[in-house]
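Next up, some structures in structure tokens.
In what comes next, subunit A is part of two complexes: it sits with subunit B in the first one and with subunit C in the second one.
Now for the complex of A and B:
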């Protein structure tokens, strides 16, 4: 996530009602999931961007997690996500998110 | 006498030729190196020069041997990467599908291509390429004269950067004092595209039915040719034809970023099928702006600068000759405005949907040609293995359709996919480099059908957020198939 995106997210979160927000990731692998999940919950781990030292603490999910899938109508999920379930490492991504939540 | 209406025919793709111009000194004129050199100067220039390849190395580079048809793409699966560590001994610079020319030959052609007398060669360099300049009126100046021209806006091109003291070989003068579209660097880009497209067309014309007239040229490259009143409105196709020495065709350009050639092939097939023309050649020249585009990644992993070639192509589309693969216009597909832009949406629309209309499955296609970027070029720059990722997506679509299991996806990729072997020359990698191999496989080989899928990034022009794409299906010629059965 580049510095500009961090700044945009910070502005959006600070300018709206945080209790009504949830982060839904579409990251492609374990590494990017961990990095972005950490940035949006505990602050930029590289201490380079506007979110350095800013723990947003938002609830965070990934589009491939089972509970997210269940919350979306099956036909919509099949159309929009479809074969990505086969392409991406859903197990690894879920594990990476669980790890971030546990920190 | 009133002419009878021409019959609607089946278009076939008869041949394709690719030409690579190895131009290491023009790497510095690529968009990215040019911008970075302006910021960082001599230190970076020295570093870049130390990573330039010789012509011999460029010829011996396995992906280039595949592109010009001396090797099959599948050979690359057997070679550990990076491929520049596996040079091919005694590799020739010419092949059944094209050729590789060196920088001196390219510069001679640049001078030949210059109808506006804007190229001036260094008077000490010109004799070196005299053989290539026969019959061409060339202006020359001494080094001091060229330096004055550069300070007045001319764009230099260099020589000997790889193995000697780099020096100016010549310059392109600005086409107009106040016209941004005719600035010297723009003209050098456009002349480079014209030359490489013309060399591919010449190769095709010389080797394939040389006495059969070409009716129409469809330019499908990405360069913007024009002046201040119609920047990008120009017609490079006819300029390419003129330089190639073909006299009979008219021509026009088709623009669709990287997907241009496949769009042009659909249009060429339609022109043949409708009887408007009997022989259409789709042409495209190389992209100077993309030379050295990913050089940072290559320096980081200590690779040579692999983006040191300009690529030109020419594809021969004719009426059914009873042998060449048929272009199935009923399975030609374009990405529509309402189609989604995600990878699986694109491939669903461009690969799966047209096959379904014919009652075919993805598994019924022998090979898919997707964007065939060489992963040795893209991976060090963080862009991943482009064909590898796209074939995984096609395999996932096959798995979701129940054609294969999820566990069979890697085998599907190997059986129906290809390793990337194309230079990152914009429209060139978009599926078409496989054409010569597919034509061989669909005639002398055992293949039945090959699908070509191109994607384009329309959003790059800031006019839309959309992506684009187009696909065509080639099948073994029905007449040829029958002959094969009876003989």
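Now for the complex of A and C:
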């Protein structure tokens, strides 16, 4: 996540009702999922951006997680996600989120 | 199953994964309001 986007997200989160917020990720693998999930829960792990030392603590979900899929109408999910479900590293993504949530 | 109804969603897509607009469509269809959407590119 680049520094400009960190700043934008910080402003959006601070300017709205945080208790109703949910982050929905579409990251392709374990590494990118870990980086974004860490940044938006505990703060920028590289300590370079506006979210350095700013633990937003937002709930994070990935679009490939079964509990997210179940919340979305099947026809919409098939149209928007479709074969990506079988191409992306769902196992690694799930492991990354489990790890970040446990920290 | 998570409850997305009336939630404020930040949709963070990625070009090599699922793009932001697809996440938006899914979130809205589940009753959420999307307050931020982006598609990152690390190429």
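One rule holds in what follows: the second predicted complex is superposed on the first by the 103 of 103 C-alpha atoms of A that agree within 3 Å, B and C clash if a C-alpha of one lies under 4 Å from a C-alpha of the other, contacts with A are read in each partner's own complex, and residues count from 1 in each chain.
We adopt the following convention: a residue touches a chain if its C-beta (ideal position, glycine included) is under 8 Å from a C-beta of that chain, and two chains touch if they have at least 3 such contacts.
On a predicted model such as this, the values are computed, not experimentally measured, just so you know.
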Once the shared chain is lined up, is A:47 touching subunit B (first), subunit C (second), both, or neither of them? neither
Applying the touch criterion given at the start, work out whether A:63 contacts subunit B, subunit C, both or neither, answering first, second, both or neither. second
Who contacts more of subunit A, subunit B or subunit C? C
Give one of first, second, both or neither to describe whether A:9 is in contact with subunit B, with subunit C, with both, or with none. second
Partner chain(s) touched by A:25 [first = subunit B, second = subunit C, both, neither]: second
Which holds for A:86: it touches subunit B only (first), subunit C only (second), both, or neither? first
Overlapping contact positions on subunit A, where the subunit C interface meets the subunit B interface: 80, 84
Where on subunit A does subunit C make contact in their complex? 1-2, 5, 8-9, 12-13, 16-17, 20-29, 32, 36, 40, 58, 61, 63-64, 67-68, 70-73, 76-77, 79-81, 84, 88
Subunit C residues touching subunit A - in the complex, by the definition given at the top: 1-4, 6-14, 16-20, 22-23, 25-27, 29-30, 32, 35-36, 38-40, 42
Would you pull the subunit A residues touching subunit B in the complex into a rising list? 80, 82-87
Can you list the residues on subunit B that touch subunit A in the complex? 340, 342-344, 348, 392-393, 395-397, 399-400, 406, 409
